[in-house]
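One chain, chain A, links the two complexes that follow: it is found with chain B in the first and with chain C in the second.
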Partner chain A sequence: MSMTENSMSAEYKEAITSLLFQLADDDFLYAFRGSEWLGLAPHIEEDVASSSISQDSMGHAAMFYQLLEDLGAGKADDLAHLRSAQDRSNSILIERVNGEGYYMETPNYDWAYQVVRSYFYTQAKRVKMDSLCESSYRPIAEVAIKVKMELYYHKLHWETWFKQLMSSTDVAKKKMNDAITLVMNDFGDVFSFGNLKQKIESNNLLDSEEEMKKRWLASIGPVFDALQMEVPAIPNHPVMNGRNGEHTKDLDEALLTLSEVYKLDPVAVW
Partner chain B sequence: MTSLCNSEEEKLAHFMHRIETGDKIEADDWMPEEYRLTLIKLISMHGISEIMGALPEKEWVPKAPSLSRKLGIMAKVQDEMGHGQLLLRVTEDLLKPYGKNRGDLMQDLFNGDLKFHNVFHMKTTTWADAGIIGWLVDGAAIITQTNMLGASYGPYGRALQRICAEEVFHAQHGESIIMALAEGTNNQKAMIQESINYWWESLLMFFGPASKETTGSSKQDLTIKYKIRTKTNEEFRQIFFDKYIPRILSLGLTIPDSTIKFDADSKIWTYKQPDWNEFKKIIKNEGPRSQERLNLRRTSYENNAWVRDALSAVVN
Partner chain C sequence: MTASIDVSIERIFEVLMNVKDPEIDSVSIIDLGMVGEVLIEGNKVKITLLPTFLGCPALEFIKTNTVNAVKKLPEVGSVEVEFVFHPPWTSDRITEQGHVNLKKFGIAPPPRYFKEDGSWHVDCAYCGSSYVSMENIFGPTACRSIFYCKSCKNVFEAMKPVSTLM
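Moving on to the complex of A and B:
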């Protein structure tokens, strides 16, 4: 089944809009958290590599916001910068701070958390993009094909870090295991579609939540087996569900920074 | 001993002949220590400035006022880190005979022995500062760096080929930000004027003092002697005025120096000297944001020590 905007039912449009907000808001915040690391990565080569990943991810967010603009949801820049936290659909996992402190001062960020969150998120995003390539909504399938090409490298990058730090010093293993616990506590809404689950799934926009969770577990399985570790379980019920606009204060603070200049004058040309 | 001495003299004569005839010196070639030390000082400072320069711009990466501006400034700052990486690699090869490596360069930065460019000690206040850094700071850097594209030291010249190509994009990125503000609201226009007023002295200082008498030291004579560059600090500053003063004025902005004027006969700009005592303080890490930026770099370096240990353990 393929849909164009003209033949779209109200329900279909509601479902695709909701899904696009989830994808756009995830990448917008993920790129932001990555860019807070800029200049602070463990070595200069990593700064170059991970800032490239953040840049790609902001590009993905921009493409998803553009699809929303095309659907009449509003101007892409307004959607990215002006919506309040309760209107956002990103996962809780992605809004969490990198560690203590504000990026403009002297923050204490945790590289283990950055590696684990990025690796698990990237794998989840791959599962979604693979599925979206077959979406009934052609514009999103076309974007997913482009995103997948870059995700290949993101996955390679974070998987390398994950394996290296997990097979290194005791300190590194301890920090990585602590990070896995933190990340998995927040993993409950990553594959959630929120309140529109039924509409998103029934309209063949992408595979079901349950199917994608299985694929995610299968995708990281071999890495965990090789490290002789147990694959972590995805929580059945998220503590908070970002897909339904439930968020932490971390998101409010992130949005203040992200929109600080834009909000000075949203109608001006910047 | 005499024969060894002769041999050193011969080596030096041969070396000078090579650079006089435009030959390029490579990392493993014999070079006089003065040349090596001059290169180390120049390139390590250039490299670490790229890295420290990412910090003031990074402040504006998340705040950039649209998706496309966010993408633009992310790409730009990433390039700068890449330049830092390229230049530190060039420096590391030069440091080999002294048994020093990148970790030592970081320690030199933290203890104040390795300086970074005066402009990156300054604070940023508005989005216009991100534009001015791209347009005029990178514009100034293009002037000095393109002059060294033909540097006698081959690895530096080759690194600069790539760096200068990217810097041209950065200057365009900065110019595009400034043009949007200049064509915008009164508040946006005021933002650029305030930014130019703040950065003007720093931009003049960027090229260094006209002579070593001003601040007590300058490497410009040595870099010219060894054909690393061809022009003096003052010549660079004059080129900057020629290029940018008309552009600044054409945007309806003013230069924060009422005395500045161009002499048509000598083709020289006369201008109010920046406060060179302030410059001396800045390069001693006593500038407006010197300690904060160093502290940020130092803290992140210490916080990530476990990662470097872990990676060494994987390699070993």
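Moving on to the complex of A and C:
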């Protein structure tokens, strides 16, 4: 490890810490929303695939929280489970519920929304990991190289679903287009670094917000071309910015569920 | 003066050959290419392991089993085992012996190459037929996919290829 805690400036540490919280919180919530589909996915093979993707994503979150622990931010498990909503930096998109109802009672989740959110998020994560492979912070670059290899399979999976449903019945297409609208409404903070934008970008931790937006649009371009559709636009100004701790009540409820399980047995492996 | 005998690296590797994947007991962590470095200083041993898939629940067991196995050597004073991400684990780290041992368990070893379009092919783990179809890219664990052999009509699993070129 080239850059140790002692040799980094306060500004550098602030920037890397903020970025790590964004990445960790995104994957943590993404894995949680994915795990809520357990037993509810369209078929048994999808159930297996979905839980595998959620498990990988929880593993990625754990790595980012571990890097935070290495920087002295606190214990990884506690960082994952015990922080309140206003301290979280995940994107609004990732905290949204899967649909109406609750997991334990009459869930009426929207599979089209799950497919679109997962596909768009996975592509966004790939763009970030690609960029992080060249990060000035070696520990994050090493983790990103590993994450990227696993993401290849997630991308393949969600892209297949996306193409199939977009080429399916009119009802399916309608649901997918509604889901695209919902997802894009929340997409404004996905590539935002929040208030620390300038510090994160100037320390060469990864490419700029603008550069990554361009790469994301390019990454989904061929799929939209093949479907003869326009690539959706990323909103310029997020209505709420999760990177700055602005969140919906969906996050409060998710954290309540998550921490209930954790507080029952904080030493259990999660 | 009591001279402590230095731990030999051969002895450590012998022991590591018997640390198995908790889910595939025919395959050792050496077979899987999970052992990064073994550093010996007097009677102190430090081993780095390369995780296969980051969310793999077997990793903690593997770490514990590695520590316990090495500790059993009487000449070893202390053991430290740590997961590192560099170099990244890739499926081409699985040894020839690893390929043989995976097949013994009914798991097709990962293909060495991707086709140009990014797809990949494995032969049936049971009968070697190429006449197979992929049932699910995600198997019961993150590292495996599920296939069906149209020749011997068996369902089998295959280790996913993982490469930095992906």
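Everything below uses one rule, namely that the second predicted complex is superposed on the first by the 259 of 270 C-alpha atoms of A that agree within 3 Å, B and C clash if a C-alpha of one lies under 4 Å from a C-alpha of the other, contacts with A are read in each partner's own complex, and residues count from 1 in each chain.
Throughout what follows, contacts are C-beta pairs under 8 Å (C-beta built on N, C-alpha and C of every residue); 3 or more make two chains touch, one makes a residue touch a chain.
What you are looking at is a predicted structure, and each value in this text was computed from that prediction instead of being measured.
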Touched partner set for A:His60, first chain B, second chain C, both or neither: second
Chain B versus chain C as contact partner of A:Leu156, first or second or both or neither: second
A:Tyr30 touches, of chain B and chain C: first, second, both or neither? neither
Which of chain B and chain C A:Phe193 touches, first, second, both or neither: neither
Chain B versus chain C as contact partner of A:Glu45, first or second or both or neither: both
Of chain B and chain C, the chain that contacts the larger number of chain A residues: B
Touching partner for A:Glu142 - first (chain B), second (chain C), both, neither: second
Common ground on chain A, meaning residues reached by chain C in one complex and by chain B in the other: 45, 48, 52, 55, 58-59, 62, 269
Chain A residues touching chain C - in the complex, by the definition given at the top: 45, 48-49, 52-53, 55-60, 62-63, 142-143, 145-150, 152-153, 156-157, 269
Chain B residues within the chain A interface of the complex: 51, 54-55, 58-71, 74-75, 77-78, 81-82, 84-85, 88, 126-127, 177, 180-181, 183-185, 187-188, 292, 295-297, 299-300, 303-304, 306-311, 313-314
Residues of chain A defined as touching chain B within the complex: 31-32, 35-36, 38-45, 47-48, 51-52, 54-55, 58-59, 61-62, 65, 76-77, 80-81, 103-106, 108-109, 111, 164-165, 167-169, 171-172, 175, 257-258, 260-262, 264-265, 268-270
Contacting residues of chain C [partner chain A, same complex]: 51, 53-57, 60, 84-86, 88-90, 135-142, 160, 162-164, 166
